[in-house]
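Two complexes are shown next, each including chain A; its partner changes from chain B in the first to chain C in the second.
What follows is the complex of A and B.
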């Protein structure tokens, strides 16, 4: 009897952990979007929240409806995609994050009538994309290069840091281009590198992020750039505690630690999500292609607003803007590996 | 080499050890009384969540800490109810409670903050002008009290008696279930407090933020041979290893190796390579009263 009770409780818990966001009444004429978040989940004040802003904007301006799922680690991601793909009322499904690359390709092949879009899709030019999938890529290296230049110009200790989430080709790209940006303006600057782990959970470990950052600050680093999702919130805590600087990623993260975040490498994930939904609504959606967002189209940028203006000196701003021009004109080649 | 032994490094080691130490000491109480407490992980997580809720609604860190203690105690009472009163398998109950805690914290996080993954930022602990976090002092105090309580008090002796030989203890008029409940509840309170530390250090809640620390705490207690000082030293060892990897991430020692270390050490100790590790004789066995 007792064992029965336990088994019952366990099963109940497993099944009750479904995280579905229902968005009320269904209207047949309305387009319904299904979106599956990355490991960090909604509320990461970064990457996933940027995608969410895109959804909200589409809801208000295009009058669409949406549902989202915040999957846990592991196989739940694929299940979430399938769950949406099996629903007749949902017409487009988003996967947010490079971690969806394989799963969303499989799902797109299996459900040819549905449209799919994947942010940060790891595009392999040797393979063809399914005709109902659009890969949204960002030139993070261009934005990272710019914030690297800002860090290189602004460091007083000649030591800057980088904290990455999961050690993976995508995050390596952030790191390498950031390093290149630092070195471009400041040859002798030393760069300390730290990663929070080798699995998806490394994007979700602020405790560890804080310790890595404290270690780097303690070693004389005065500016840290993070590309680590929620883990980066720990980096900001460390910046607050030691009164040093940090650079945010994906969204403008200024509000997380005002006065301590010089700038953020902004990825227009919201714009990308919005544009794709708009295409679906207008019937101009075309899959089987990769769309790239770079400095040229403001797909990536560094944050420079009323809030952080006073943290970036005018001469730094001028130099960085000059570098931006050079990148757009193709005068600088940025390493990605 | 001297570079490592800076005050910052030592403090970092302590900071990393705290969320191991508190549940680990808790496990000593629970297991000395004869109840295996694998639910530490869930208690840690519930404690962290409750602390954030407490601070979020009242703006007071103290309330947060009290909430974390209560959350730990509630989960531990559940564990006690299932394993002591209903005499179910202690491991199964522990695992069920861990899953339960993972789910329920996510559920309420979604309900209250609109995200099942993250809470907004809340205030943390002030350092009161100390060069280190005042939580450290509390931990040292708890360690001293635990050593004293387990070895030198009537309570400690009775607790050990019901864990070693519940029949004998029962025949002497000691209530086995009462003592076991006390052990489990203290362990819940301490694990909850460990959760409060996690939450306060991060100023927010992230789902699953205990990240296996409860299991490591349990491992530390086993390596420490069910003794408070031993458990504390083992926790410090794990903290040291982790701190070391953070400092020397690019030095070539693979992080995966260090992460595996606690579990590897546990296996080695259990296999009897480092002295003899004997749990309390009645550890893990529900007590059936015989007439």
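What follows is the complex of A and C.
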């Protein structure tokens, strides 16, 4: 019994040590953003973290406040959106990922006073968007085509690889356009394809990613492009171990394995998030429309910075830049399925 | 010892465990620099403090009642069904398939058909595990876990390749006749929450389990086998059949859980809809001591934790709630044993 008392007192002391929340009245003029992450959530060093960077940038440059929720699969996405929509202090709500398409459309209709934005929204031109919702789309196929061209030009073994997360039409788009990019510059190049799984968990399984990547490297592949969220961290691990190369996705992933990541297909999710918040702050937010981010507007690109410059030879750079121009001018049609 | 004291002792263990885990959770919250009282207040006011939150809790609980019953039913026969996750997925898909395929049928036909499909889907899936155990003696834990993987992959393949609505992760919608209406449409209460008519079905399933276990010959056999398999065999009971039946009914109950999401909420099958309810159901059954009626309040408690974790997610990481759930389960098992030893009582 003595021990019990002791434990209890310790716990009590601990709990009462909890910091008192500052109950300062929040500045009414400050815009508050609510953001709901995709499966995987923060810390994927990729898609979700790109959205988070957008939030941070907006906080620093525009002085906004934000809150975010990391929901699980199933019913939690809608519940999370509603939770923000029910809050009077939040003016704009983000859904990160195509998976929010249905839920955010419904929420936007039900809460006409709130503003909504959805990254990777699946826009159906046959349906009209609610006037308080902006759909943010990315032409990943353009970026994937370019990194495919880089892989095709730089491979020494004439074999490149692709590791996808969940086998789904969305990731297929990355794969197919990447393949097209490789073939565009290197007709005889062989491409090995691997997927980590068939459920959402396939985006957060680095062990599996490493296994697939090691298999491909052992088969003679020297460059692997991944589109697999956290799973890709395993691909980088395999690249480091075998001293081969990888290509990152969504964010510039150079820092995950410096020297082994030739480049990354960068999706400017952060820019999109930031721009929408800026529009809200300036009062120029306009919903009911889809905004597309492609090569033309630098919405997608491949990373070319001080950090990875020396990995990409000048002649490759020149050729890829020429291809970029052709895509922007519409001279190349990129397959998506 | 009379029955009432026995029940009090049985309930005391779980309640004590819950209190200890709440204290432990408070310590964790304090350690990350937040005030536990604020967090708990928000958690409870957003879950049971308003009708929308309560509806969300009840929606989560409905699935947990089904998966809790599934685990409890198998426990009664001394079997460990870890496969409720897969059985629920198969059941949900079967029900969605009925709703998508048989259009223009009146609800009087299509609803029972959906129920039947969900039950048979889950029962079939668990039945495979039961058959393997009965026929070859391979352990049901391994069987059900492996079948979970197969169920996920199989359903995912079928959805992705046959039923997928492009650029989503779900199937087309089921027919309007096969929808189990939400309570906010029926009554105007729980506005906006997906709490639906699956709940009375869940209550019905509790009664059904009680009747099967306590009032039927099959139940008698299952209980006998659960107490002592050798005694059951000695009494000329066919153990293979008992294993097969208890696994099938257990899986069927888990399969019915799929209705809550498919027919009651989204009106389509979506990949990942099981949300680990199959695993949490095991905890529900353990805490409810396999009593079909105790499963209802325990499920609601876990519903509060699950949905509560989401409501405070903007303030604390949801891992804290997961840790608390784990602690509750560990404590309940330990505390119950301590009670039995210390007070020399046999709990129900």
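Definition applied: the second predicted complex is superposed on the first by the 312 of 337 C-alpha atoms of A that agree within 3 Å, B and C clash if a C-alpha of one lies under 4 Å from a C-alpha of the other, contacts with A are read in each partner's own complex, and residues count from 1 in each chain.
Methods note: a contact is a pair of C-beta atoms (placed from the backbone, for glycine too) under 8 Å apart; a residue touches a chain by one contact, two chains touch by 3 or more.
Everything quoted here is computed from the prediction, not taken from an experiment.
Chemist: If you stack the two complexes on chain A, which partner ends up touching A:70: first (chain B), second (chain C), both, or neither?
Modeler: both
Chemist: Touch check for A:237: first (chain B), second (chain C), both, or neither?
Modeler: After superposing on A, A:237 lies in contact with chain B but is clear of chain C.
Chemist: Touching A:278 in the superposition: chain B (first), chain C (second), both, neither?
Modeler: In the superposition, A:278 touches no partner, neither chain B nor chain C.
Chemist: According to the stated criteria, A:198 is in contact with first (chain B), second (chain C), both, or neither; which is it?
Modeler: Both chain B and chain C are touched by A:198.
Chemist: Looking at A:59 after the superposition, I want to know if it touches chain B, chain C, both of them or none. Which is it: first, second, both, neither?
Modeler: neither
Chemist: Please work out whether A:83 is in contact with chain B alone, chain C alone, both, or neither, and reply first, second, both or neither.
Modeler: A:83: touches chain C, not chain B.
Chemist: Which partner does A:207 reach: the first (chain B), the second (chain C), both, or neither?
Modeler: After superposing on A, A:207 lies in contact with chain B but is clear of chain C.
Chemist: Which parts of chain A are touched by chain B and by chain C alike?
Modeler: Residues 14, 17, 19, 70, 72, 197-198 of chain A touch both chain B and chain C.
Chemist: Using the touch rule from the top, collect the residues of chain C that touch chain A in their complex.
Modeler: The touching residues are 23-24, 26-27, 29-31, 33-38, 46, 52, 56, 59-60, 152-153, 156-157, 160, 164, 166-170, 192, 194, 261, 265-266, 270-276, 307, 310-311, 313-314, 317-318.
Chemist: Taking the complex as given, what residues does chain A use to touch chain B?
Modeler: Spelled out, the residues of chain A in touch with chain B are 2-3, 5-6, 9-10, 13-14, 16-17, 19, 40-45, 70, 72, 193-195, 197-198, 201, 204-208, 210-212, 214-215, 218, 230, 233-234, 237, 256.
Chemist: Using the touch rule from the top, collect the residues of chain A that touch chain C in their complex.
Modeler: My answer: residues 11, 14-15, 17-21, 34, 39, 67-76, 78-80, 82-83, 86, 98-99, 101-102, 110, 122, 167-170, 197-200.
Chemist: Residue numbers of chain B touching chain A in their complex, please.
Modeler: Chain B residues touching chain A: 6, 8, 12, 15-16, 82, 86-89, 92-93, 96, 99-100, 102-103, 106-107, 110, 113-121, 198, 201-204, 206-209, 211, 243, 246-247, 249-250, 255-256.
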